[in-house]
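In what follows, structures are represented as structure tokens.
First subunit A sits with subunit B, and in the next complex the same chain sits with subunit C.
Here is the complex of A and B:
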């Protein structure tokens, strides 16, 4: 349910984006005669039995766009991500990086765009109760390691944020919804996007897609944040890639808060989204 | 008694908490630096971390195996096994090529107990093989030590039970073991790698979070409810503690580290 809400907090699609999304739908044969230009961002959640062709595109006869392209400018949600076939998941690495899929056929190469936000959900362990307060987990360490290792390190590396969700309490289930509605969040997101557009002098470059040099020259860290960053690199033995990701997330947190420079609070916030090391328990 | 001729075993669960790993590393490191030979069973978890810490401290270590010395088990510990083969001793009573079998591990524990002047049990569940090693050790007239843990930590069941039934001496510092096994020899402070003086400055919420952390992971939600704070504020405090090396993120939540426990003790003292 949380994932389904995500397209709702994205900024509205530009005319160009709407055109692209509509075009892909048309090629896939999903467009009815009376439906006009797509205005809502796509949300695709293929089942974990999805084939490689279903995800990537292809099929018999003329190659058709797959789920990754249907999610172009929107969200691709993989529920129970550890149940997907490993080769299918691994294949996502390329498109995530390039934003485009190429399908080679005897008649030539077809390419479809696929810039999407990937969301994956999985249990903390096979039985699902690791870290739960009301029931204890019945898995052993090797089972947990094996389960978490179904996502390879390189694939995990492409996720920017990880959030631990715990079971809702009775009060939360029965009471009125707490927190903001999507509309309020979307306004904040649009403001943050506007800040990024000014920063990179381009409406399409974001903190995530900016090049290293673009980011470095416009990052702006408060002194206190710089000190904490250097402590974090030591304490958490962050890699180069880890620092890069942390800074992009921190810059985005600061944008959402409306801060010109990244404060130490923004940095700590970004750190709390950091990924756990994959599989192998921190052993040795 | 010559500490360099004293063997001490560090045994425990294959599925330790982070606290258990830190404790076994600390005992292995400081006792190896004091000259003791560290003996264990090359299993995953407590065993592996004890061997590893002993090697890191340039100490001596013996791995007693439940299979032939040429059989790679557990496969995950290959690197460690090779390092012990090069710098320490791999020991087995079985001929080459003997495959591991569940019934051989209790047999192997008998060798571990027999080799040592004392056995330290760090963490283990209620039915842990560490209990077998400890009982074997008692029967062979060896000293048995146990590092206690919170009763809410299932992995502290074995050491707590040994203490409860008076089979083991309660130890919280490597020095306690040293003084028992090498009476008359002075424990040099240099062995213990102490905290380097500076006390991190913590804000009020960070201190309160630190007080609630445990050796087993505590979920952010649980902390948020116990503290009555917004989840954002709690996550912030946890990140700060993590950067200071006082807390550790785990799949199930956050755990306190050894450094965190030291800081917490000093906060209570104030």
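Here is the complex of A and C:
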């Protein structure tokens, strides 16, 4: 339910983005009669039996766009991500990095755009109660390790933010919804996006999509934050990609806070989203 | 006689322009289609044949018909070739003025009763249409909304194959001169009071 709300806090699509989304939907034969421009950002949640061609694209005959392309400029949600076929999941690596799927065929290379936000959800262990305060987990260490290993380390490394969701309390379940609605959050997101647009002098470049050189030349860290970063690299044995992703998240946190330079607090916030360095380290 | 109409083939999300050449010649009556067609394209024969026969005043020619989808090395899939093939057959027989089709891309699936059905990839075709400097698109009415997203091309929506052929001479409809010769008298025998 939380994942489904995500497209609602994204800024509205530009005409060009809408056109790209509509084009993919048109090619896939998913446009309804008389439906014109797609205005809402796509939200795709394929079942965990999805095939490689279904997820990434291709198939027999002429190549068709997969779920990653249908989620272009929107959200791809993989619920119970550990149930998906591992070989299918691993194919997400390239598209996640490049924002494009290239399918090589005898007749030539066919490409589909796929800039999407990937959201995965999984339980902490097979029984689902690891770390729960009210019930104890009945899984042994081997089971937990095997469960976690269904998601490879490199793939996990590509998730910029990892968040532990605790069980909802009775009050939360029965009471009126708390917290902000999507409109309020979207205003904040749009403000942060505006800062990024100024920084990169382009309305479409974001902290996530900026090139490394664009990011480096405009990245300002406070001294305290720089010290924390070097400590974190050692403590969490971050990979090159890990540091890159961490800085992009930290920059975004700073944008949301309205900070020109990344502060120590922003960096801490960004670090708190990297809970699972690899599949074999079980969190407390 | 030979006639050429234009349509498209999908490569990813991109539409490539395809020339649909139709030759109707004396010989053993039959229909063949070349240019790497998939099964869905090959089956166009049955649909276009019935659609043409369902049209007042038109008959499917009892001649040797060859349809060539160029470029021949590009694989083609989809049912949107029905409309350009049907137009090509009639143009080759001189029943449709071929020059009135120049600069237009056609796409659409035909039902046996000559209704024009929606097809995937219309927006991609519209983009290709604009980029290649074509005048516009003749497409199913159900796809008109997506085709009209681009402002610089003309879109002619058609709900029925008969409307593509014999739209009246009013307004700016480009098909007013599509069919040659006077419209034959209606087949129905209901006489006025």
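Keep in mind that, in the parts below, the second predicted complex is superposed on the first by the 266 of 284 C-alpha atoms of A that agree within 3 Å, B and C clash if a C-alpha of one lies under 4 Å from a C-alpha of the other, contacts with A are read in each partner's own complex, and residues count from 1 in each chain.
Here is the rule we use: contacts are C-beta pairs under 8 Å (C-beta built on N, C-alpha and C of every residue); 3 or more make two chains touch, one makes a residue touch a chain.
Quantities reported herein were computed from a predicted structural model and do not represent experimental measurements.
Once the two complexes are overlaid through subunit A, subunit B and subunit C fit side by side, free of any clash as defined at the top of the document. Contact with subunit C, but none with subunit B, is seen for A:22 once the two complexes are overlaid on the shared chain. Applying the stated contact rule after C-alpha superposition, one finds that A:62 touches subunit C and leaves subunit B untouched. In the superposed pair of complexes, A:199 makes contact with neither subunit B nor subunit C. Of the two partner chains placed by superposition, only subunit C is touched by A:36; subunit B is not. Vertex at subunit A: the C-alpha centres of subunit B and subunit C lie 150° apart in angle, rounded to steps of 10. When the two complexes are overlaid on their common chain A, residue A:245 makes contact with neither subunit B nor subunit C. Looking at the shared chain after the overlay, A:115 reaches neither subunit B nor subunit C. Look at A:73: by the touch rule set out above, it reaches neither subunit B nor subunit C. Between subunit B and subunit C, the smallest C-alpha to C-alpha distance in the superposed model amounts to 41 Å. Residue overlap on subunit A between its contacts with subunit B in one complex and with subunit C in the other: absent.
Every residue of subunit A that touches subunit C in the complex is listed here, in rising order: 19, 22-24, 26-29, 31, 33-37, 61-63, 65, 69, 103, 107-108, 110-113. Remark: subunit C residues 9-13, 38, 73-75, 77-78, 118, 120-124, 127, 142-146, 148-149 touch subunit A in the complex.
Residue ranges on subunit B touching subunit A, taken from their complex, read 14-15, 18, 21, 44-45, 48-49, 52, 80, 217, 219-222, 232, 235-236, 238-240, 242-245, 248-253.
Partner subunit B is touched in their complex by these residues of subunit A: 124-125, 130-131, 133, 137, 140-141, 144, 148, 164, 166, 228, 231-232, 235-236, 265, 268-269, 271-272, 274, 276, 282-284.
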